[in-house]
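In what follows, a single structure is set out as structure tokens and then discussed.
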Amino acid sequence: MRDLLDAVAAGDIAPAAAEAQLRGYVTSDAGRFDTAREHRAGVPETVLAAGKTPAEVQTLVETSLAGTGRAVVTRADPTVVATLEDQYSEEAGTSMTVDDRAQTVVLKTDEFETPELDATVGVVTAGTSDAMPAGEAETILREMGATVSRTDDIGVASLDRTLDQVPQLREQDILIVAAGREGALPTVLAGLVDVPIIGLPISTGYGHAGEGEAALSGMLQSCTAMSVVNIDAGFTAGVQAGLIARQFDQIRS
Amino acid sequence: MRDLLDAVAAGDIAPAAAEAQLRGYVTSDAGRFDTAREHRAGVPETVLAAGKTPAEVQTLVETSLAGTGRAVVTRADPTVVATLEDQYSEEAGTSMTVDDRAQTVVLKTDEFETPELDATVGVVTAGTSDAMPAGEAETILREMGATVSRTDDIGVASLDRTLDQVPQLREQDILIVAAGREGALPTVLAGLVDVPIIGLPISTGYGHAGEGEAALSGMLQSCTAMSVVNIDAGFTAGVQAGLIARQFDQIRS
Amino acid sequence: MRDLLDAVAAGDIAPAAAEAQLRGYVTSDAGRFDTAREHRAGVPETVLAAGKTPAEVQTLVETSLAGTGRAVVTRADPTVVATLEDQYSEEAGTSMTVDDRAQTVVLKTDEFETPELDATVGVVTAGTSDAMPAGEAETILREMGATVSRTDDIGVASLDRTLDQVPQLREQDILIVAAGREGALPTVLAGLVDVPIIGLPISTGYGHAGEGEAALSGMLQSCTAMSVVNIDAGFTAGVQAGLIARQFDQIRS
Amino acid sequence: MRDLLDAVAAGDIAPAAAEAQLRGYVTSDAGRFDTAREHRAGVPETVLAAGKTPAEVQTLVETSLAGTGRAVVTRADPTVVATLEDQYSEEAGTSMTVDDRAQTVVLKTDEFETPELDATVGVVTAGTSDAMPAGEAETILREMGATVSRTDDIGVASLDRTLDQVPQLREQDILIVAAGREGALPTVLAGLVDVPIIGLPISTGYGHAGEGEAALSGMLQSCTAMSVVNIDAGFTAGVQAGLIARQFDQIRS
Amino acid sequence: MRDLLDAVAAGDIAPAAAEAQLRGYVTSDAGRFDTAREHRAGVPETVLAAGKTPAEVQTLVETSLAGTGRAVVTRADPTVVATLEDQYSEEAGTSMTVDDRAQTVVLKTDEFETPELDATVGVVTAGTSDAMPAGEAETILREMGATVSRTDDIGVASLDRTLDQVPQLREQDILIVAAGREGALPTVLAGLVDVPIIGLPISTGYGHAGEGEAALSGMLQSCTAMSVVNIDAGFTAGVQAGLIARQFDQIRS
Amino acid sequence: MRDLLDAVAAGDIAPAAAEAQLRGYVTSDAGRFDTAREHRAGVPETVLAAGKTPAEVQTLVETSLAGTGRAVVTRADPTVVATLEDQYSEEAGTSMTVDDRAQTVVLKTDEFETPELDATVGVVTAGTSDAMPAGEAETILREMGATVSRTDDIGVASLDRTLDQVPQLREQDILIVAAGREGALPTVLAGLVDVPIIGLPISTGYGHAGEGEAALSGMLQSCTAMSVVNIDAGFTAGVQAGLIARQFDQIRS
Amino acid sequence: MRDLLDAVAAGDIAPAAAEAQLRGYVTSDAGRFDTAREHRAGVPETVLAAGKTPAEVQTLVETSLAGTGRAVVTRADPTVVATLEDQYSEEAGTSMTVDDRAQTVVLKTDEFETPELDATVGVVTAGTSDAMPAGEAETILREMGATVSRTDDIGVASLDRTLDQVPQLREQDILIVAAGREGALPTVLAGLVDVPIIGLPISTGYGHAGEGEAALSGMLQSCTAMSVVNIDAGFTAGVQAGLIARQFDQIRS
Amino acid sequence: MRDLLDAVAAGDIAPAAAEAQLRGYVTSDAGRFDTAREHRAGVPETVLAAGKTPAEVQTLVETSLAGTGRAVVTRADPTVVATLEDQYSEEAGTSMTVDDRAQTVVLKTDEFETPELDATVGVVTAGTSDAMPAGEAETILREMGATVSRTDDIGVASLDRTLDQVPQLREQDILIVAAGREGALPTVLAGLVDVPIIGLPISTGYGHAGEGEAALSGMLQSCTAMSVVNIDAGFTAGVQAGLIARQFDQIRS
């Protein structure tokens, strides 16, 4: 960094160029957000609706739409969805996509161009209770531009269903595997495929180590190799897989 | 119980018969232990060597041998084994069997007749680290008279090994399945066989939820049905399976 | 498995026969569920109503009835029960049984034949708070075909009531013992009867180690031998006892 | 307190009398310890040997002997005992009592008069592993002057032994009941006797909720009424029972 | 117990007398509850209203009133209180006492004679948030017949208020000291008074170790001696103090 | 203290003066609260609205206003705010300040003089979710008289924003730094500024170690030096910083 | 799978080809291990030395060397290293590499060809205490064929050192970031680089949430996106990064 | 920061001046450590001896002495102390100070000038077990230049000793209060003095919430205001108090 400061002082490098080089931590009053957004290309600004009023969500959506041409809302309950539909479903110049199972809403201006990555991410669920976080991951991945291949309900309690899907899972660049209760699915899959797996523990289960703690613990202790995100952290799993997908895309292109 | 007291009072039933009927909670100064031992027929008196000096273990073994004709020692480290070998390996009238992996020692007088049950229990391990508690279960089961079928190292990381063993596991009357780390093996097996499974979590693993907690949590939260014992509780798993085996034996005979 | 593949290749064994032999993990698009159902003979498909809307429960019930001739609903609150009663209580060809304490509903077509097992399972509760999970176990067991002997409110705070029931408990093939708070009942009973016991901890109690954690811990640490299921896991306890009851039945028949 | 200050100011009460009245929190440089000691009459100054070198223990013993005529050492391992025996076993004017099971050592000058309380405390253990903390309680109680009635090895796994002792336990003024593993003994006894019970959980057991946590949880959640001390806190249990015994003694005398 | 059975058989003792002697664990179909009630003389049958509908509470109250002449209801919210007032406030022959802070309701028939014990129990609170469990203890103690001396709001944050009350607290036979947050009050008092203290941790506080866990931990780890009950367990604290008070009463009378 | 008592007895010091000297723990029936208030000069009596009815809050506000000329309410939800506004917004002689984000309300009589301290405290937040506890700290600090410099939304996810603020943060006397999720902000700042930092963990985050536990743990384990308060304990952080600010003020004046 | 069985039956596909296609779960007695090894190409068989005697380690090393031409030993303490050096350092045809900080030993026959992947993995540590698990990851990655770029001691306590390394970290394909204590480094880096990050929490730290729990919690709760492995799980982090590196390599080649 | 870059580019500010202004995050290859050291003026580089060999400690001491003229070692066991004494006790030009209770060693060259701060910090302990972490805080504070006033053994079990010290504690600028077990001392003191308190929980205590967890929880939940450091974190408490003392010093000078 000292070299850079010396170069700026010597006039060998313009302050703006220094900014570009230091991208992550330079800033200006006007351009700060844009720079940051550019920096994280493809990771959409996301509005977490949980804990906010529908009016608060709508305000944040409006800001995001105006600033970036897109707004992604997660953990949107029916009231939030209805509020957004009232506002945007008939609005010219804006399209709106609701995924009920994922509890996500995506709004885009007609001008917005969703990025496209030459990479496929498999999103796998053990059971129907895993749909929300898995769908959250799927939504983020699609908005980051990855191709998503979804495979549902292949929990190890019916191992035949699991094994049936192994061949197509081997075709993916990377897998997100969601599972609740004891969370054994990613462990079993990691023994069957060479594709890297991100384990996504789900807050199902009750009693001792319920609410996803058993699934998280099992994935962290897995006798097969994987990395893990927090319980129900579908957004995080999606972004992490999306960042890896971007690397694949950059190599391919 | 009042009926019984009335009957005893009326002379319709002898105190000794009342004792027999109330088996679990009558007692006499001299016969108390014997009755209890008879009551739990087949569950051998066991000496837990952990936390005791070799001398203390030997004293308890002596008492057990003298009283019941048999002594079963668990968690016997090499020093304890050596102490017992010094004393008993050459002693006429007493046989001694050491299982190094199980850390168990069984001593019997020549007169002792080990019970025989017409029932087979499968003892299954996921990996080599499960050997001690699984062996503990196996020793207890053999001393209770059950036939034990041991299947080792079929953890789900190599699912082919797991699946290879399914046909023979289906032949058992009941299964004890030991697994550490994430403890997925009993969950996977319970989806493949109809034989009832007792999950035995093992204290392997490190970091978060290590020392068997992840395995225990996963078995309790399993999406397939099983019952569970505490971490490393091979003795408990063995006795529980043995009690069920006795029921099988009583029906068969 | 390689032998089997060789045999199929050689034409010595038909693919369908291979399927039958590999029962647990073969599948076809149309028949997959049927095979699985057959595989787990007697374990009824169950709809967990908790966390679902009445409409969702009804849809699943309809599917289960159509596919198997039976639907078992657990954790059914009064709204769910009312919804199902509206639909089915007057419907010809379908019978409906509601157990309020167990919060279970069982629906069957007239053609459905409930299996019958020659085995009796004792379901025991320490107090009235244990009724729901114990009832869940009872419902599952009855639907699996076992004879259920229910014994309520014999917690150790009134030890006389506990001891009164010991003789009849000794008559059962296996016992499920439900207890909350400190969960001492299965420990005390396991010292009095030779019948194998499955401990079912209940989510009563408040403060430190409340919500059933003390009961679960106590059963796992019990100085008498038993196996355990998760807190409130009446369904799991019922299936585990039912699987053992099936073994009894198969030996007897 | 203001009234007292006013009275002292008015000369109606002497400072020393004010001190006596405020006993717990007055002090002088020279007399501070003596007052405190008098205040807690009967609760002996105790040296916790765990974590100290034998030399440090000996120094503290010397101080205690010189100051109070008595020294009570807890958690004294064989090395500490040997060190003290070297010093005091032959020393004129001092007697020394070692309790190996309790790991306590009591030393007294010939002049020391142990207090005597007209009250009996029952100290009960479930098993042999409870001997150390129970013995610690017993030693403290004897030094506080209570009569101790010890009852060992009546854990609920052999309920007949438990019930045999109920009549004599009903004779005690108060009971300390030590139990490890699941800690069910005080719960069962509290349903059988009206004598108040102090539960003393013991750090036995392994795996989940081991090291006494299950016993503590169970006693706190007990469906019968008792109060509890921390795991292995035999000293605390003894002092608490001793303070109650003093109240009994004061009423009786 | 064998001696007793022999004596009954010999006719030396009547079955009814045997019942009386074995009081805790004999029983008959009709008289079982009465015997138990007699056994625990003074510990009133209590209805825990939490988790029950007002109608269920009323049914239990009716049963208790009919059977024992008294009903004690704890954790009674305003709806439960209103329901009971509708039914009983105007009913001839029955009196009803509501303690809003304690959330308790006591109903008695005119014939019921509340026991009287010659003993005083101090019930102390650190702050206003401790009122409910402390009041619960007070209600139970009054119904057991003890004289209750209540001292409120003397938490250590204003140590002068604490110290002001020390003289009168020294007059009590035993103290129940309720405190939430860090729960320091019983520790401080136990250093100032010789009266035995039962610590009652309260579920106040938020964040780490909130909900009373810090208070419970602090009381268990206290550097001064006390015994403890579970978080918010005012009923248990009251019964435990009441049992000790009965011992005081029996000595005094 | 003995010296003081001697002096009072000798008439050398008046009881009132003794009171003044012993300030923290003297008391009188009428003046007790005033003394305490004086003692903690500047720490306002605060009404925690959470868990109280609006009517209860209003009563406490009335008492506080009457007694001290000021009332500070924390955790005031909209209903509480509306109730207070109904009562006080139009009331002559009383001013009312509501901070919606902080959920605090401050009421003062016209006569009340807020103290002024010559010290500035920086209150820093990582994100918008930290607003309530941070605002609570700010309100208390302003009422204690400190100058508060607020800096919001400089979480480390956008490190440029963090670094931009470092120069002005170095100007503060002390910093309160609020952060949820992983709570990294105070760790990063403590490496950049020499100003002492009080970490304020916030109850954001879900799944494992959610509700602020990860943030608290991270601040306690921080590789840079800071002290910490409990999760969401904005009031405590404010008072602690205020007490330090008072020391600064006393040195400066 | 049914399709495959049909094809094998029809002779359209050879059993061996079916084996190849089903790779993960076919097997033969002789070839089972080889197939599995081939399946996981690049993930070396690893001997965990912790908990094994030097002799046991040596036996496993011998087997691994004979079977695969390579042996990787992790958690090798000086005694294990010395034992292996005695045996192999002079042995013709075998090379041995010891990494003291990583506690790893790699042995290879001269014939063994280490795979090479066209991908670079950055392995980053916050401090010197992270060296062992980070080195474990590095060793595994090198043996899987990835190029490893190591960057040490850039913890956020000296943020300048962190920022200095950002430019070169942006050049990597993927990063493993090891950190103990509060584990803030991966959170800070994930805000500065777009390269995907695998967080590796380290078991440093003491007191509350010590032994790596704070670091794990912080990484799971991170406000920037990453995936995580268990505490000290350097092996798992290395394999996971290696699997991703293989994908990069396959795209590139 | 952009303004600064612009100014450097314009030549209005020299790179070195920019470095000075950005102090925390600028760096050069040669000067990096020095700058950081200057930045944290007064916080001595410290060598944590725990987990290191005596030789490793000595190497680090040598480096620290050479680089800064001082070396501070914490958690130095007798072996480490002996090693350092062998090396330095006779060495000309170097002085060495050992604090056995604190387990700290300070070495200085004759040229080293310890800073002096015009501020006093009270370091208070509840009991003798608190000596090590409290001593660690004291050593750091002395090396940072603060005047330390040490007050030992004033735990609340003997409240008179606590109250005796209140007047002198009120004279300090800030207090560090160390306490183990239930950790009540800082809570009691914070109600008696207006001096800000940093709570230092100590890892004493056994059983439930032992190892300092109860003390930490109690201090976090304290009903009086304080801030807290991690269990046994004497170093952190010392630095935090030292940073505040520096602020005092800067105001005073």
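Think of it as A, B, C, D, E, F, G and H in the order they're written, each chain with its own count starting at 1.
Please note the rule applied: a residue touches a chain if its C-beta (ideal position, glycine included) is under 8 Å from a C-beta of that chain, and two chains touch if they have at least 3 such contacts.
Here the structure is a predicted model, which means the values were calculated and not measured.
Interface matching across E-H, D-F or B-C places the copy of A-G, with more than half of contact pairs shared by residue number, at B-C.
Rounded to a whole number, the gap between the C-alpha centres of chain A and chain C is 39 angstrom. Chain A and chain D, compared by their mean Cα positions, are separated by 60 Å. If you average the Cα atoms of chain D and of chain E, the two centres end up 26 Å apart.
Chain B and chain E have Cα centroids separated by 43 Å. Contact of a single residue of chain C with at least two other chains is seen at positions 1, 24-27, 158-160, 163-164, 191-192, 207-208, 210, 213, 216, 220-222, 230, 233. The complete set of chain-chain contacts reads A-B, A-C, A-F, A-G, A-H, B-C, B-D, B-E, B-G, C-D, C-E, C-G, D-E, D-F, D-H, E-F, E-H, F-G, F-H, G-H.
Listed in rising order, the residues of chain E touching chain F in the complex are 129, 158-161, 163-164, 206-208.
Against chain C, in their complex, chain G makes its touches with residues 1-2, 5-6, 8-9, 11, 14-15, 18-19, 25-28.
Partner chain H is touched in their complex by these residues of chain D: 24-27, 32, 35-36, 201, 203, 212-213, 216, 230-233. Taken together, the chain C residues at the contact with chain B in this complex read 1, 21, 24-25, 39-41, 43, 160, 163-164, 166-167, 173-174, 191-196, 198, 216, 220-222, 225-230, 233, 235-237, 239-240, 243-244, 246-248, 251-252. Of all residues in chain F, only 126-127, 155-159, 181-184, 187-188, 190-192, 205, 207-210, 213-224 touch chain G in the complex they form.
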